[in-house]
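Two complexes follow with chain A in common, the first pairing it with chain B and the second with chain C.
Right after this comes the complex of A and B.
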């Protein structure tokens, strides 16, 4: 007997591996994090997990370090995303020019995005080492600075250096997405604007920017979520220091879970991060009117 | 005649052959016992010794070294315990050994210590209990020791017209660091780690102990006593000393202190034997002028202490399939003078020998660094031992399982950072630290009851 499947059943069959992966690697870990946030769990004693109600959330919300980390996470995420968007759009416009060898530049631009974060962060630590780092050495040689800059040793400079690393590494992502969109904008629009006497700035403001609006909305949401959750760059570059000046929520959750062996508190911090991002993304999408045109159509 | 095999038959036959051969494949495959040690060649050298035993006595068993920085042991152990696949053996500093022993996670090692006659062979000043004994049971086998000392460039001291560093008090250290800084512009007088990390914790604690301060008092049921005048005095002194250090010392950990010294950017530093080894490999002029001294004494108490990595082998108790073999293999290596000398020589002079016979072994004393720097090496290997203690055995007043947890949170170095980075008053920062330590004590009361 031959088994005959309807188109709908075949569709479900094709989706099955994805659904299983989704359940296994996304839904289950989130559900487990939520469960952990309501128990006291020391990973060295995994068999003892008493239910503690909202105690872990109370602990997190009453901890000054959580709010300090939250404030720093906003600074870190806000400036990183802002610079990535601005520099990313600028670079994409440059790479959109029909110049010889432009493809080589496009390829090279991906370099920071491809190199593993651990390699970049450790290299940056060397480059920005205030005593024996090449950056200070070159700046001193060129007479730009009179004494070494403490790149990672003062709170403001450490945060700036961390943001710089994040911008350097992830701007290529913005470039790729924006460039792809730029290449689909009909050239007729620009031709017509030129005929009407619109200058380069006007064409950018009235044609390019509106055409990029939707893609930028998506890029900003993604970059905000990914940067807000970023752990490894700050952990490897500054470990949240000096002091706790570059501590963000991801580091807070990690330290609570692993260094302090309070897995429940770490999970509660993670769940709060998830809620913050959900609310912020929802508001942002509403404010930018993303998808409104599609619905109107 | 051609035989046609259907796809179903082919698949079925393959499955059957695989299933039937699985037991024999499993039997011939090596059993791997994982061995954790700190980064560096020494864990590899010891593991070679364990494998020598395995080849003779347990065919099919292989010990495999995995390098884990000490501050990653928590992460690694927690995940591996949860996955029910702990390592067979861990080389670890005593504070974490005490903590894991008090948690009930370790296998008793008294039998191994008897087999290797550890108590009789130990270098004067150490006892087996220092390495990881809890409530009378020995959970660690002595492996090596590393004491943090004052590393000095003799030429810098001479240029600045300073006295013999062996006689120094805190004030002499401060004056000396200032004098070196003046004589050698652009060079730090003294360097220590002040980053929020383990190295920062260790360096800070030495000063606290010299002033007579403690974190928890074992004699008073581990009461938190961090906010004493002695602790505040130590942090005030570190603040003064910071003026003679590189500004970036507030982000320094182990590696940066060594880099600073070996690159000739400091006249003195606080470190373990590794600075000498690195200088010998990479900077001979620095090596030639390098000497080690006991840490300067506190002018009031007259005390000087070294934060010491009192390092032993510990063995997770649960889900560890290699307990018997590992114990026998450890005894094999530790009863072999050749292996122990090889182990000591593997990262000279960082791996201080725990046994007298190893320290006096000709193979160790013939090492070129031993011959070139006999006074310093003997201080590193044995001379400082009476001054050796750590956060799990503060001032040698009693074993304390809370020290490792304090390091997990880097409370000692965080206090220093609050003073140096956030400009908080030392008294207020110490009070903050006191509250953190009190939290640790309260949350982990079960370990000390």
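Right after this comes the complex of A and C.
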């Protein structure tokens, strides 16, 4: 006999697996992370988990490495997002031109976005190798540098290389979103402006930029949050080194959990990261009103 | 458009494309060089002598460099890792997309309490750093005795793909008009029939697009694999190839060959994906 379900039951039934999964894969790990941040957890003796109150947070906040990582995370996030936004808008404008074969260029320029981080990190280590890397070779040949640069083993250069990697990989994200928005700007606006005698620069400033403003704001927030969270890009390229000069908060949390076996401290660092993100998003929502139903999709 | 302007734009496009593609072209070039040429200074731009020895080592094993008695060289595991990555990525994609499609349909066609909050909870989910998920998930898997298993890793990836699949499918279903479904319901079709015979075929492009994204996200992950997995033969590709750095001597030919082989499946998927990437999707449609 076939079971007859009412329409409403079908609706609930369809929703159930997701709600269960949401609890298991989102709510539960976060709740666990918060709980871990209040206990002392030694992976070698997991059965003993004494409650330690705010000790883990105190430890983190008194740790100079945490503040150093925080500072570096801001540098890493700020520059990466800045270059991604500027280059991304430039490329999107270029790819928006009605040229023959433009789709092939679009494909090639968006490609870095889906290249695995491990692959890019390996390639970067090879390109920027200080002894036999091609980048040093080309720069030496062009006379831009006089002697080989130790890209990944001097603090500033390591951070710059990591930011460059991030910009290379994620600028296509900005391009995708901005390009999609550019395609929805009505051409009549430009035609009308042309009739009124507005030059290319005026049209860009008075039509394109205002039309892009909203989507750019969204993109910058997404990129800021995701870049702030990034772990693999830095870990695989420099492991936070040389020394601790490219640590960000994600690396700090990871290191506390894995290398120092302080799961509780690592969790506390993670929760602090989350708080930073929450405060930043809240401020952003207050400032721009993004997140209202009509603008969400 | 002015001919000179067009020429200028093409020149600019070609220059940018070359710079963007250079790291990958260089990887291909390196992977085809014999070992001694790779270490030559100044470097040769194109291989003077083409060889597939790095690829052969990865695909058929038998590394020439492995000293006797040193155990199995990491490169011998390459095909295992490749298979693991496919199994795990397909697994998590199937789970996430099935659950997300059903839920997204329900969210856009029925009314219930808390409905409007669900997509926003999901989007919050993919703003949360993976470092926060990974250790609690790991400790849970320890309790369940699922660490160092492909199943455990698959479940880990659901953490990162599920919220994002829901958001995508939700955005997709919001754009699918209700009229045909309503007409079929009025004609006496059951909701399940409508879902199977009308909704799923219409939603297929969205499902494919979301699946490809989810697959890419799982395939590219490193953190979960690194924390969850231990045995050499069970590693995903991303974690495995980093073992090529373990020895004292770094074999760049092997590295670049594995880079190329890891990127090929992504390139194929990207070919299918490109149309969807450029047209139509808004800011929520991509993750990174």
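The criterion applied here is as follows: the second predicted complex is superposed on the first by the 268 of 297 C-alpha atoms of A that agree within 3 Å, B and C clash if a C-alpha of one lies under 4 Å from a C-alpha of the other, contacts with A are read in each partner's own complex, and residues count from 1 in each chain.
The rule is short, and it goes like this: a contact is a pair of C-beta atoms (placed from the backbone, for glycine too) under 8 Å apart; a residue touches a chain by one contact, two chains touch by 3 or more.
As the structure is a computational prediction, the values presented were derived from the model and not from experiment.
In the superposition on chain A, A:177 makes contact with chain C only, not with chain B. Applying the stated contact rule after C-alpha superposition, one finds that A:164 touches neither chain B nor chain C. When the two complexes are superposed, the chain touching more residues of chain A, out of chain B and chain C, is C.
In the superposition on chain A, A:132 makes contact with both chain B and chain C. Looking at the shared chain after the overlay, A:150 reaches chain B, while chain C stays out of its contact range.
By the document's definition of touching, of the two partners only chain B reaches A:45; chain C does not. With both structures placed on the common chain, the touch criterion links A:258 to chain B and to chain C.
Within the superposed three-chain model, A:238 lies in touch with chain B and out of touch with chain C [touch as defined at top].
Touching of chain A by both chain B and chain C, each in its own complex, is seen for residues 46, 131-132, 258.
By the touch criterion stated above, chain B contacts chain A in their complex at residues 74-75, 77-79, 81-82, 100, 103, 105, 195-197, 246-251, 256, 259-260, 263, 265, 405, 408-410, 414, 417-418, 421-422, 443. Against chain C, the residues of chain A that register as touching in their complex are 4-5, 7-8, 10-12, 14-15, 17-19, 21-22, 25-26, 28-30, 32-33, 36, 46, 91, 94-95, 97-99, 103, 105-120, 122-124, 126-127, 131-132, 134, 137, 141, 168-170, 173, 176-177, 179-180, 183, 215, 218-219, 222, 225-226, 228-229, 231-232, 235-236, 250, 253-254, 257-258, 263, 266-267, 270-271, 273-274, 277, 281, 291, 293, 296-297. Contact residues of chain A toward chain B in the complex are 43-46, 129-132, 148, 150, 152-155, 158, 238-245, 255, 258-262.
On the side of chain C, the complex with chain A involves touching residues 1, 6, 9-10, 12-13, 16-17, 20-21, 23-24, 26-27, 30, 38-43, 95, 98-100, 102-103, 105-107, 109-110, 112, 116, 118-122, 125, 127-133, 135-137, 139-140, 142, 155, 158-159, 162-163, 166, 171, 174, 185, 190-192, 195, 216, 219-223, 227, 237-238, 241-242, 252, 255-256, 258-259, 262-263, 266-267, 269-271, 273-274, 277-284, 286-288.
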